[in-house]
Amino acid sequence: MQRRFSLDVSAPLLRTQGYIDGRWVSAASVFPVLDPATGEEIARVSDCGPTEAKQAVDAAYRAFHSWKLRSAKDRSVVLRKWFDLLTLHKEDLARLITFECGKPLQESRGEIAYAASFLEWFSEEARRVYGDVVPSPARDRKILLLKQPTGVASIITPWNFPSAMITRKVGAALAAGCTVVVKPAEDTPLSALALAELAEQAGVPAGVFNVVPCSREKTPSVGQVLCTDPLVAKISFTGSTATGKILLKMAADTVKKASMELGGHAPFIVFDSADVEMAVSGAMNSKFRNSGQTCVCSNRFLVQSKIHDVFVEKLCRAMDAELVLGHGSEPSTTQGPLINNRAAEKVEAQISDAVSHMICTREETFGPLLPVIRFDTEEEALAVANASNVGLAGYFFSQDVSQIWRVAEALEVGMVGVNEGLLSTPEATFGGVKQSGLGREGSKYGVDEYLEVKYMCFGGLKP
Amino acid sequence: MQRRFSLDVSAPLLRTQGYIDGRWVSAASVFPVLDPATGEEIARVSDCGPTEAKQAVDAAYRAFHSWKLRSAKDRSVVLRKWFDLLTLHKEDLARLITFECGKPLQESRGEIAYAASFLEWFSEEARRVYGDVVPSPARDRKILLLKQPTGVASIITPWNFPSAMITRKVGAALAAGCTVVVKPAEDTPLSALALAELAEQAGVPAGVFNVVPCSREKTPSVGQVLCTDPLVAKISFTGSTATGKILLKMAADTVKKASMELGGHAPFIVFDSADVEMAVSGAMNSKFRNSGQTCVCSNRFLVQSKIHDVFVEKLCRAMDAELVLGHGSEPSTTQGPLINNRAAEKVEAQISDAVSHMICTREETFGPLLPVIRFDTEEEALAVANASNVGLAGYFFSQDVSQIWRVAEALEVGMVGVNEGLLSTPEATFGGVKQSGLGREGSKYGVDEYLEVKYMCFGGLKP
Amino acid sequence: MQRRFSLDVSAPLLRTQGYIDGRWVSAASVFPVLDPATGEEIARVSDCGPTEAKQAVDAAYRAFHSWKLRSAKDRSVVLRKWFDLLTLHKEDLARLITFECGKPLQESRGEIAYAASFLEWFSEEARRVYGDVVPSPARDRKILLLKQPTGVASIITPWNFPSAMITRKVGAALAAGCTVVVKPAEDTPLSALALAELAEQAGVPAGVFNVVPCSREKTPSVGQVLCTDPLVAKISFTGSTATGKILLKMAADTVKKASMELGGHAPFIVFDSADVEMAVSGAMNSKFRNSGQTCVCSNRFLVQSKIHDVFVEKLCRAMDAELVLGHGSEPSTTQGPLINNRAAEKVEAQISDAVSHMICTREETFGPLLPVIRFDTEEEALAVANASNVGLAGYFFSQDVSQIWRVAEALEVGMVGVNEGLLSTPEATFGGVKQSGLGREGSKYGVDEYLEVKYMCFGGLKP
Amino acid sequence: MQRRFSLDVSAPLLRTQGYIDGRWVSAASVFPVLDPATGEEIARVSDCGPTEAKQAVDAAYRAFHSWKLRSAKDRSVVLRKWFDLLTLHKEDLARLITFECGKPLQESRGEIAYAASFLEWFSEEARRVYGDVVPSPARDRKILLLKQPTGVASIITPWNFPSAMITRKVGAALAAGCTVVVKPAEDTPLSALALAELAEQAGVPAGVFNVVPCSREKTPSVGQVLCTDPLVAKISFTGSTATGKILLKMAADTVKKASMELGGHAPFIVFDSADVEMAVSGAMNSKFRNSGQTCVCSNRFLVQSKIHDVFVEKLCRAMDAELVLGHGSEPSTTQGPLINNRAAEKVEAQISDAVSHMICTREETFGPLLPVIRFDTEEEALAVANASNVGLAGYFFSQDVSQIWRVAEALEVGMVGVNEGLLSTPEATFGGVKQSGLGREGSKYGVDEYLEVKYMCFGGLKP
């Protein structure tokens, strides 16, 4: 890179302090945020520690007692206003993403639209948290099943979708009546803090939405507070399976509810009956978004014998024609940098290993590596695809209607793309099976993760 | 006790071996089952260890692949048949409970009816596991949200409801298409094994329902297998909060789904506006069922000043008049023994401590101790009631309609009895908040604990 | 027919009086029930008139006030018992159908299983009539949406499914808490009366289920009472569109709720991409069940050019091989008689007219006539298929997945068989669009037809 | 009235032509719109006849085929935009209501907020029209229950809520994918036309929303077209029971779906246990809104003996203190004029008759008359309250919790206010039982009125 790229975002959205109880809070030290494309520092952010985390939890707990009593309609209006503000500031917010996470600006704009869509969706869901009146076997009592918010939720989010992974969780939490403490990834705190600024403008009350940015060094101690403090009722995490397990253990001691969106290892299967152009296009979408750094990116390509050669040939041609490396802020770029050196080294190691152990067929890649495996029968493809202890997304291409239902049902994953390489939408569930996680985000089910069912036995009646 | 009591149950229902993959299996050793009322041994049961547990898990995993493919209607019919058999053999099954757990026969009969009711309920729920067709924002794709069974479920159950705690979980699991391995409490394996006998008669296929009885000594190693084996996708536990936390940590390493029904510390509040007769009757029901050995038994009685004296007086009179100690098989008995010596010692310790520290107001009692606390205002009562890190059931008596809604909503528990001391019914949810657990059993929500939502993006369509 | 066929059914099930308020009631006169295969009289049945109809309505209205107060669980148990009795007596009940309606015994047995399945389904649905607790915009009020039974329902049913058309409606009605007066078709009263006998045995209380059989002559006056009496809240009719309109007008004067399952004119489309064997098999099922006398029988066959000849050839071969005319009680029979002379004359007229006006492509046939039309494009087929003012069922055969979704959505019918010729099952909805009717039967929606939503604003609360 | 009142509304919102297929259309003649407070003409509006009605139906039918294919999200966005525009222009829209319908400006503003709230609600509901995936009893077929829009809906609305009665129906219809032809009441066409102007601004496509204003003279012929044209699939009417019956009969000939919100005769019961201040306040709200001209206004006051005198005294005092007659545009006015002379004459006749026949206790008043009846027992009150062939709203005041449930369940009405005199909110259902109507508006059920369930049997699969 020869010329300089500058993050040119309006001041109110470029926040560098923690946001606790409705106030911007400095910590004792700061940590740098780097542009992954250039390695240059773009900001210094307050490095919150366990003290700030505890303050945030306490604030969230206090705020919970009034936020939960606000009517669902009130909460809906606040979330809608927040949605409107994200939409209004989408260009600045997209630049923040591109500069701290590296993805091309076009994708960053897409992420902001996607992030905002969860605030819109959950502003609508808030009013639809229905309880039940259940027919009682006894005439002197009524059975009501009420839905109540779980309490304070700790939200721990990754760097690859610095904005959307927050709103997908927080939208649901706030709609339900919960309050939150967000710990964004150390690589990408700026997007989270910009969301806080807009939350405040939208009228989210003090203490309802808190952000505690911190460095890699402080992450364990902050995570400890967020997952063990008795005032926290719920944790929601998106990130690696390894980290997820640590958090689950921490949460166990106080029996917190946990939602986990962990790693995947998505198979991408092309059957002989597939429309090959559609399959190639799906492969490009599924593999190269965010340079392969999404948990639903295809990790293994399984291609049936008869279609194998033509698929590979066309795919290579598409890669040559469409992939352009560069800084995310340049219009032509389709492939930005990986997030940091460790990420790049991992991909390189998988490539070196490809001819010997093909570890990339077992380990998540999180980068633009595309291994292709040839297979003969559907059974074989399913066996390979399911031979994984994770199961987030899976994709397959087929025009055989029986096969479509068979394979869609048999794939051990939480999300199946049938003739599609991009799936995510707020109307649908997001989440995996096996060690890919617990719970579902988005959709009409997403808000359930932040609710408790309370059985109210309205009894002692004289019928 | 001077005269002898004999467990007189027809041979096919008095099973003493483990039940794995549709076969009755002996273990290397046996352990005794004692009548808690007399301390006499009533049976010797195969003491299954990790080997048997692993066999059961493997069998359940194999069976899962065919059971999940059976139609919901098929599974419904099998569960219904099982229900019919429980109803047919209710007298024998009740005697098993009374002899291994101690509760009066009348209560045991009630438990069998309650246990059977879950098989009936979930046989009906099986056919109602609806997925969703969601309006798609794109015309070339359909969004289907399918419901699929989670997989093998480990079911670990307590001695206080030796039959019902199994069916409440297993009914839901089997309805969903899951298969199970049940580890019954060491005190009460006979009821679980009788259920296995009837499951087989009902046509539950081999491997779908497995029971691995074991002694207190083997429990940790068996539990280890059930909570860590990679083939197990789900654990469901009812028991103490302390044990629940251990299991949660074990389950974390393979990110298993977990349902937890843990301890409670139920407040029982009598407001001045209460109907005092109703409150006394509710108190008797809520406190003395199974001699106070249920997780929803009232543990703390909070009585408002004006009604305090009359309530206490009438309650004492009711206790004098209604409580009769004895062997559970005697018709007059209302209070059987506590389950074992440790249980009795705990209650005695709480009594000794009552005048000094009132530890019984913070620690679960699980016995017929009834501490009464006087209070003045609703706020005060709520503060005391909610000052607990658990929240399973809560009860209050009031005829003030605003207060009823206020207190029902404010109590931090999963189940609220308004003018009622007994709540449980298959139509309603069972489960708690805070450290009382995760998930809900029974009701239209119970089967969700054994289901995954799979998003099928039916795409690539030419509209 | 040379040899005699005798209806040999056990006496308690061969009922010939009306059933009103739990009593068997004779009318002033009787009318004959004929075996349509032989024209012989098989029974004489009380010819109820407006007086008996009014008595039945009054009885149903009185019974409504206690039946609606029974718990859902109670009603469920009664319906289940009724289901058990239908299953127990299935052979006798099937013979009744064959002798009064003519269909082959194998189909009659199928109808009884189908009829019984609705009692089972709705016995389960009864307990699942859930109301809603809706988030209130105001803190001082709770919004509850209760479900309550509509009231007395008049049930008017056809001869082609003498048993199932009754249980599909009555199962839902009784589950909801409604009471009913059934007027069976004049050709087939015996099945309805046998259902009454079994209802009584099952414990359906007096007045809850009433049957008023009557002759063609008395039908208008009885129908008048059932559709206009102010005590009737709901009418449900299955029959011709022409009659349906008359009943709707009668019901209008008292604003009764109305469910209508009227005539259809099902298209059966075979696309070039179809599996031709599957299509032929579907055509046989869809056209010749009950000799073409069902409202979902295919009425028009549209076959795409390339597949036309092979389809027609194979279909003709299947018709030659599989269709056997005869008395329904003979095991070899697959095609029984049409219900009466008028029915036969209508089919003959359509045949005579086939070369000139093809009226059979516009008018419902209700007989074993199978007109085939050739088409070229999907648009053309859809235009023809939708050029009808009715829209009950439709069928098409295709292996093209985009076409499947396109055509399934575009067909203006209530039920679409994709690669299937037989659709009905209690889990799915039954009902049409356009002039084919109002409302849906079966499925989780069926019981809604007998329910009112009551908004209970539980207000004036002090939060 | 001495001084002049002038309707001072910005030109684009003061529309006087019909709105058909996205164009403003003049008719052959005009009819006057009068200010009911002064009798002065405030506008002349195109008097559409059957020709224009038919044009509108044709336009709606054409538009239906593209509107139904728009994604739910698209339709949602358009409805939201319409909502925003109503909110933006609320002051002008309120003035239109006050001048054509007479109600005080404060109430008109309330109506606009209420009218807009349905567009907001249904913009959200549009995306939540979920179909079902039903567990199939057969492995080779999938059961999908799709929801599809009914078709063209004729919407016929009353003068007492000139704006809200339109949006409550049209919001649901458009969300579902239906298109509409609206015939506003002859007294109040201006509000409907202003809605059309804003619909166009919001991007509602041509033909989706049509308005055909007409005079009282043309109403029958226009209604005839709207209720009988074969291209219309659905009618929705709010108005008198007498008119409703006529429309139902017209609709019967083409088996149209019908929603009917007809007259009520609301009982308002004050039990001895009531909070009398709350009851008086509820009575004022329930009786005098829109000068008693709403279908849910209390029509009969039943007051229990012990509370009777104090209630009546306090109520009289409240009436003296709070009711101020005047032109609706004057800030002090709480009671505007009745809609026209006929309305006033009817009230006067009921007053004259009060001492003799008390016809006001049986016939809807629609004016500020408040008859009070004393009763002794709950049974007596319920008997009187339910002795009506209509059942829209009902109100009662009680602090006895058993009585609250008993009476709420026993009242034969569609909406019950417990300790509340005003109920309506978009989250709850609106609609009655008996001759008060068919179907429900608002709430999660409102959109069902414009949907058909289509059973798609996705069969012929090779599992």
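To keep things simple, chains are lettered A, B, C and D as they appear, and every chain counts its residues starting from 1.
The rule we apply is simple: a residue touches a chain if its C-beta (ideal position, glycine included) is under 8 Å from a C-beta of that chain, and two chains touch if they have at least 3 such contacts.
Just so we're clear, the structure is a prediction, and the values are computed from it rather than from any experiment.
Enquirer: Could you see whether B-C or C-D has the larger number of C-beta contact pairs?
Expert: If we tally the C-beta pairs in contact for B-C and C-D, the bigger total goes to C-D.
Enquirer: Could you please state the distance in Å, as a whole number, between where the Cα atoms of chain B are centred and where those of chain C are centred?
Expert: Centre separation, chain B to chain C: 44 Å.
Enquirer: Which whole number of Å gives the spacing of the CA centres of chain B and chain D?
Expert: The computed centroid separation for chain B versus chain D comes out at 50 Å.
Enquirer: Once you find the CA centre of chain C and the CA centre of chain D, what distance in Å lies between them?
Expert: 35
Enquirer: Counting only residues that touch at least 2 other chains, which ones in chain B make the list?
Expert: Those would be 73, 127-128, 130, 132, 134-138, 145-146, 401, 404, 427, 444, 458, 460-461, 463.
Enquirer: Which label fits the chain touch graph of this model best, line, ring, star, complete or other?
Expert: Shape of the chain contacts: complete, all pairs touching.
Enquirer: Flag every residue of chain B that touches chain D in the complex, lowest number first.
Expert: For this pair, the touching residues of chain B are 69, 71-74, 126-139, 144-147, 399-401, 404, 463.
Enquirer: Under the touch definition given earlier, write down the residues of chain D that touch chain C in their complex.
Expert: 132, 134-138, 141, 143, 145-146, 148, 150, 230, 233, 241, 244-245, 248-249, 251-255, 257, 260, 262, 275, 278, 282, 389, 397, 404, 408-409, 413-420, 423, 425, 427-431, 433-438, 440, 443-445, 452-461
Enquirer: Which residues of chain D touch chain A once you look at their complex with the stated criterion?
Expert: Touch residues, chain D against chain A: 73, 121, 124, 127-128, 130, 142, 401-402, 405-406, 427, 444, 458, 460-463.
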